[in-house]
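There are two complexes below, and they share chain A, which is joined by chain B in the first and by chain C in the second.
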Partner chain A sequence: MLSKLSQKHYIDPDIFAKEQKQIFSKLWIFAGLRTLLSEPDAFLTRTIGGIPILIQNFAGEIKAFENQCAHRQAPLQLEAYGQRKLACRYHGWSYTDDGHVKSIPHQEALYHFTADEKEKLCLRQFAIEIIGNLIFINIDADPLPIEEQFTDEFRQQLTTISGYFSSQVIHTSVPSQFNWKLNFENVLDYNHIPFVHPQTFKPLINKAAISSAPARKALPEKTLLSSLSYASTMEMQVKKWPWQASVEGFGEPDTFHTHFIYPNVNFISVGGLIFLIQQFDPISASLTDVRLSLMTARETNKIRALSAILWGYLKSEKRVLDEDRALLEGLQSNLYDNGKPSYHGAYEVQLQNVAEVYLDLMETQP
Partner chain B sequence: MAATKLIIGSAPQVDLAIASWQEIEPDLEIIGIRLQQDNAYRFDLSELDAIDAKRCTAFVAFDDQFLNFRRYELMAEIKSRGFKMPPLICQGTLVAKTTKVGENSFIGSGAIIDHHCQIGYNVVIGAGTNIGSNTVIAHSAWIAPGVVIGAQVKVSANATLGHGVIVTDHIEIGKLSVVDKPGKFSQHIPAKTFIYAAFDEDIVIVENRNANTHSLS
Partner chain C sequence: MTQPPDLVLIGCGIVFETIASTWPQLSQGERKLQLIRLDSTDDAANAVNEQLSLLNNTEIEIFAAIDQNALNFARLEIYGQARLLGLKSTTLIHPSAIIAPDSRIGENCWIGAGAIIASGASIGNNTLINTGARIDYGAQIAANCWVGSGASIGQYVKVGQHVVIGSDINLGANITVGRHCSIDMPGAYLTSLAEGTFIDSLFPSAVHIYTSKSANKTMPQTDITAKEASK
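Moving on to the complex of A and B:
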């Protein structure tokens, strides 16, 4: 059957701008790992829905603010990750843990702000939900109740598995020339694995997992947003790693875990021992930063070569990603305004569901 | 009686080390031990059990596997058996007299190392590398052939500098970092940072105990 999305949905700058408002500024978006913010004043910075954001530990409480000084818009925190009090490097303004201006150097000599003016100078704060070790934020003034996006069961699953994360995480970002939706559809499409990853990924997975599709069935009347985010598992021959006796793994061995987190995260685990969060961060209609965060299960004994292990796995995950990128970048460059939509088979029902919810979100009036 | 040298490690590195020792000490009796690794990357060192550590010296010749940890572990294993492990300074190097070179380090042919440098133990410095004065190369670092390192640089433990890298004066390369992308580097590189030609952006390892700041872009 024909996809509900046209080729224009993947290339049009106006549609992209609308997505930033209707999807990335309305839904709960994964923003980072709680494990990296356990120290006071530890922070991370992101851009979500076009808004620069900082998430920081204030005496144990994680809060999200707009990362822009109320004075002259300089970023309050510059680095992607760090540990520093909340203060502006430009003119030294500092902020309290509720986003109000705490002190302004030379206020009396240079600024002459009244107490009332000073009180009004504060940072926009955003809603935050922490599910296990996963931080989500919502930049809408009236945030969607999180249970409408992620079911209780799914949030519980995320809480459990993310509790196994080690505190050392390797990160990178891979600029990719395709629309973010193509990558989310790609991870839902298990049938591409033998064709795109014949050497890297296919040899690890059980043949049965990719040889049958559910019978085509009538779609329910309305697909719920919360049905797009779910966990699934398949059998996998997980290599015995020399370090695995030194970590506490999650779940059954020889299992590949996948968590689809709508709109733009694919969170996988190989055998409950290695965890990889891939986020398809929209930059423009035809540019996506694929952000990779990879960690092992938490250590029970110190692994001296943990950095080398993380680096080695990141390189192998990058090889898999590069195979997808080569294909998706070719696909993206081939799209044109009035081209035909995709034509889906039975196994692609989830792509249909995603398209349906996406169009609902895009049409919802504020 | 000629002295005996055991050269232990992976085949290509062992072959290079044998040829290099033969050039500088033609009378040396050399026994090459080319190790195999099992699926868990372990070595079978049983061949060494019958060898008296007092009668020979040893040299570990191994690549940069696992951020140089494997070579480090192998050296530690050999050293714990009581072998002395002098460095291998190949023919045709120019190493200033005031520069110190640690145990089991390799300095390839044609390398030039200026005055007052400290080369730690278990370091590999490739052929033709040029290192300025007062530079410190900490233990288990790996410097590819032809790399250019300025004066007063610090290359920290287990760091790797790949082909085509130039590090300017006064720069510090953090522990366990990899710079494997040709170019000139004039800014400090934090620990556990990976700059790699196959990745567009730097790669960082972040941990909650780490008070340093990192930038992804």
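Moving on to the complex of A and C:
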């Protein structure tokens, strides 16, 4: 059947702007790893829904603020991950843990702010939810209750598996010339694997999964937002790694875990030993930063060569990603305004569900 | 006169093959060479443990020669295992290399053909300096590193442990490269790199390892409140 999305949905700047408002500024969006914010004043920075964000540990409590100084908009924190008190480098204003201006150097000599004015100077704060070691942020003033986006069961699954994360993480971002939706659809589409990754994914190809496409969806029933985010597993021969005796792995051995986190995350684990979070961070209609964070299960004995292990796996994951990128970038560059929509078969039911919810979200009036 | 001990060369890869093929020149015909060639660098210490334990440390010296695999941890496995067994590891210097007399070079180091080690430079144990590389005045390269062919390390540069500097890379003077880094895209690097930074043609921008304890890669913190004008 025809997809509900037209080619325009993947190329139009106005649609992209609307997505930033209706999806990325309304839903809970994965923002980063709790494991890297365990120390006081550890922080991370991101841009979500077009807004610069900082998330920081204030004496044990994780909070999110707009990463823009109340004085003249300088970013308060710069690095992707770091550790530093919340203060501005431009004119030295510092902030309290509730985002109020704490001190202004030379306030009396140079600024002459009244106590009332000073009290009103503060950073916009955002809602956050911490699910295990995964931090989600919602930049809406009236955030959606999290259970409407992620079921209790799914949140529990994420809490459990992410509890196994090591606190050493290799991270990078790969600018890619395609719309973010193409990559989320691509990870839902298991049928591309034997064609796009014939070598890299050979051991993963599961005949049973391929022969078990669900029956076509009964049309009238409404798809819930929370049905788009779920976990699934499949059997897989996991290579024995020399370091695996030094970590506490998650779940049954020889299992491949995957978690689809709507709208833009795919989180996988190979054997509960290696974890990879891929996020498709929208930059423009035809540009997406694919953010990769990879870690092992937490160590029970120190692994001296851990950094070399992480680097080795990240390189192989990047080669897999490049196979997808070559395909999706080619697809994207061919899209045009009045082109025909996709034509889905039974196995692509999840792509249809995603499109249905997406259109609902895009039409919802504030 | 005592005969110099024979050398047992263990490993695989570029440096292994280079040493094996230039041995007559390196030994000037005075030492015998025995090769233990590995098929793979995975779990290398276990692969050679039995052969190593049969060696007699009064008659031989060893040289662990695996390239930069796994940030030089693969080579360290063999070198470390040999040391545990009480074997002595040697350093090999190609006769065409130029070495300042007041430079310091550790053990299990290889200095390739045409390499230059300037005055005051130091090279830690188990570090390999490849063909034509240049280490400038006062530069310090820690243990378990790899400097590729034609690379240059500027004066007073500090390179931490387990760093890979690829071929044709130029590190500007006075910078610091933290431990566990790999720079493998030819070019000039003029600013310091934090621990766990990877620069590679596979990635369009630098890759970083973050850990909760060493996440502090920011500028030194200044205490702003203390500086506030107090009246």
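By our rule, the second predicted complex is superposed on the first by the 358 of 366 C-alpha atoms of A that agree within 3 Å, B and C clash if a C-alpha of one lies under 4 Å from a C-alpha of the other, contacts with A are read in each partner's own complex, and residues count from 1 in each chain.
The criterion applied here is as follows: contacts are C-beta pairs under 8 Å (C-beta built on N, C-alpha and C of every residue); 3 or more make two chains touch, one makes a residue touch a chain.
Model, not experiment: these values are computed from the prediction.
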Superposed partners chain B and chain C on chain A - clash or fit: clash
Which superposed partner A:Tyr336 touches (first chain B, second chain C, both, neither): neither
Which superposed partner A:Leu310 touches (first chain B, second chain C, both, neither): both
Partner chain(s) touched by A:Phe195 [first = chain B, second = chain C, both, neither]: neither
Partner chain in contact with A:Glu39 - chain B first, chain C second, else both or neither: both
Chain B versus chain C, judged by how many residues of chain A each one touches: C
Touched partner set for A:His106, first chain B, second chain C, both or neither: second
Touching partner for A:Lys240 - first (chain B), second (chain C), both, neither: first
Which of chain B and chain C A:Gly92 touches, first, second, both or neither: second
Intersection of the chain A residues that touch chain B with those that touch chain C: 35-39, 42, 78-84, 167-175, 242, 304-305, 307-312, 314-315, 318
Interface residues, chain C side, partner chain A - complex: 42-43, 70-71, 73, 162, 180, 182, 196, 198, 200, 202-213, 215-219, 221, 224-225, 227-229, 231
Contacting residues of chain A [partner chain C, same complex]: 35-39, 42, 77-85, 87, 92-94, 102-109, 167-175, 242, 304-305, 307-312, 314-315, 318-319
Touching residues (chain side chain A, partner chain B) in the complex: 35-39, 42, 78-84, 167-175, 240-242, 304-305, 307-312, 314-315, 318, 322
In the complex with chain A, residue positions of chain B that touch it: 39-42, 66-67, 69, 176, 178, 192, 194, 196, 198-217
